[in-house]
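The structure appears right after this line, and notes come after that.
Chain naming follows the written order as A, B and C, and within any one chain the residues start at number 1.
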Amino acid sequence: MIIVKKLIKRFGLKNILRGLDFSVASGEFVALLGPNGAGKTTFLRILATLSRPSMGYVKVAGHQLPGEAAQVRARLGVVSHMPLLYPDLTAEENLRFYAQMYGIANYQSRISEVLEMVGLENRRKDLVRTFSRGMQQRLAIGRAVIHDPEVMLFDEPYTGLDQDASEMLDEVLRSVAAEGRTVVMTSHDLARAEDLATRFDILSRGVIAASATQKELQNTNLLAFYKQALAD
Amino acid sequence: MQSKPIALKILDVVSIIVLAISTYLALFFAPTELVMGQVQRVFYFHIGTAWVGMLGFIIAAVSGVAYLITKDMRWDRFEVAAVEVSTVFFFLTIVLGSIWARPAWNTWWTWDPRLTTAAVTELIYIAYFMLRQGIDDPEKRARFGAVYTLLGGVSAPITFMVIRLFRTIHPVIVGAANANQEKMSMNGDMKIAFFFALFAFTVIFVDLIWHRIRLGSLEDKVEQLKLKVSM
Amino acid sequence: MTNKMQNEEGRMQNTDSIHPSSFITHPSLLKATFAIVQKDLAAEFRSFELVSAMLVFSLLVIIIFNFALELDVKVRQSVTAGVLWTTFAFAGTLGLNRSMATEKDRGCMDGLLLAPVDRSAIYFGKAISNLAFMLIVEAIVLPVYSVLYNVNLFRLDLIGIILLGSIGYVAVGTLLSAMSVQTRTREVLLPILLFPVAIPVLLAAVKASNGLLTGAEFAEVLIPLNILIVYDVVFIAVAFMVFDFVVEE
């Protein structure tokens, strides 16, 4: 579903990604872990078509980037630490706007469906500015799945959430966003990543330093694996 | 550290020589203009600086477009060089123009279309530098800079047109600013001084641009070395 | 109306049979532009944050001009156009800044860029919204000014000039606000970037408005009018072509 070969991203003279190889099979849930400045967000922004690769081969959902960005965008949902919602619009209006931007024909029923999935059908007429951080983040998930994308990207979705809200988000992420989709998530929260993902890739100094599936990790825990990978 | 190319060294010397010759031609060789007297001699340098200022302005807009198409950072360095050099020369043009204007029209400043457009262009340049100052990512800085020089390049000629049209409708300011210049008949020696000034400033312009581009690539090199050290 | 209803029904019946992941299409430029305008207007009509700020600012500027220029009957005739356009230009930057900041602050710009629509839809959508805000403010300032100074500014020809001038101003302003919002200095930078480039449109607009208000011959108004049209066309075209470069990374 996602194939990346020898990806290089430069900001000016600084190399953020240095020949990164990465691939995700259909249906996999990959957690992208790594220290600050390793290039996780940059990498995710490239996958999301928001940033252009300096060099290398990137293919998402069967389309190559940056050339076929429009096709990729139609098959891609993104949840970031920012909600990407308009505070002066209601939950419903926000979803309607994005539904129109994705060219969804019969959006009224889809909006109701999505609101129900993220558990906000009672608040559909309320302004987003009145929502708690956790509710906003759930609506953000609804926004990201409105067009039923094949690939989901989560960029630090737990930032700024307390324990309860995180747990609730876990539920929604698992059932709404990840179910039947290919997912790449960046996170600092190893425990949650361990819970959700089927594979763990450690991004360090612009390349994937180590990778392990959930099965391979059964004996060791993720934290030990993470520390080991960064120490190498 | 690469040393200065020989061609550039030669060009430096040539620049100084042509500037000296042009100064001599303007101050001593050309005859004194009958109507305006000695102050008219400032005209040779005024036109020379204005010419290369405009040349720089056009080069900047063109390299901006070239950068947007090719995304080659060398065009960005070219653009910055052209803008920086052009800023200085337009400033000189305005100052020299004022020196001329004081005795000729009895005022330091007139809202003449050329003068005003030069001033507006200076403001566009200042805005350009402030824009670049506010961006950290060199690639984005180059992109935004290129877009802005393009906008400036399209807008400045229209500004000139507008002010000119205003004046034809409203001839209120100081006498006929253009008529003075256009009517001024040049005899042979004056023409020599005039065209040599144009030539001299073009040489100086090329020399300065070259230096600025070289400085730009050296800056990049320093950045690169710094990165290597910090790794 | 009935036609539209039938259309809706037609779509309802269709969607059930379509495969879930194929129910999205790439919306046309027009539809995406319209969606953005609708969203901006809906948000604005709820909070009136932007328009009210522009409006209050405009009235304050006029009051200050009143005392600074001592707008008695004689002076007024010749400076009305200048006062109006200065006010519109200042209020305009306020609106342009705010409008783009709402996109940037919560990452909504990324949301727009993630949608499978042409980037020009974002430009046109934002530009039309900004134009609408500016026209609303102008539509309130004009009668207020008319009442305050007992001049009739409600003339079709003047409104036409104001529309043309605002279009040109917003066309460049929207592009530049998308740039300035991404810099460190943000709000401060927009007027500095915008004014030197917008000088032709502002001067031509003042000139044309002044010609109309002082009852000049039509030929005198025609020249600035032509410049306004040329400026509008040229800058909409340029902004349309370079907007991609301003939002991409």
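Convention: a residue touches a chain if its C-beta (ideal position, glycine included) is under 8 Å from a C-beta of that chain, and two chains touch if they have at least 3 such contacts.
Just so you know, these numbers come straight off a predicted model, no measurement behind them.
Relative to the whole-protein C-alpha centroid, the nearest chain centroid is that of C. The greater number of contacting C-beta pairs, out of the two interfaces B-C and A-B, is seen for B-C.
Distance from the chain A centre to the chain C centre is 35 Å, each centre being the mean of its Cα atoms. Note: centroid distance chain B to chain C, computed from Cα atoms, is 34 Å.
Centre-to-centre separation of chain A and chain B, using mean CA positions: 50 Å. Shared interface positions of chain C, i.e. residues touching 2 or more other chains, are given as 249.
Of all residues in chain A, only 10-14 touch chain B in the complex they form. Interface residues of chain C facing chain B in the complex, by the touch rule stated above, are 172, 175-176, 179-180, 182-186, 189, 192-193, 195-200, 203-204, 207, 220, 223-224, 227, 230-231, 234-235, 238, 242, 245-246, 249.
Those residues of chain B that touch chain C in the shared complex are 68, 120, 123-124, 126-127, 130-131, 133-136, 140, 143-144, 146-148, 150-152, 154-155, 158-159, 161-163, 165-166, 169. Within the complex formed with chain C, the chain A residues making contact are 45, 48-52, 70-71, 73-76, 78, 80, 82-89, 93, 97-98, 100-106, 109-110, 127, 143, 147-150.
Those residues of chain B that touch chain A in the complex are listed here as 137-139, 220, 223-224, 227.
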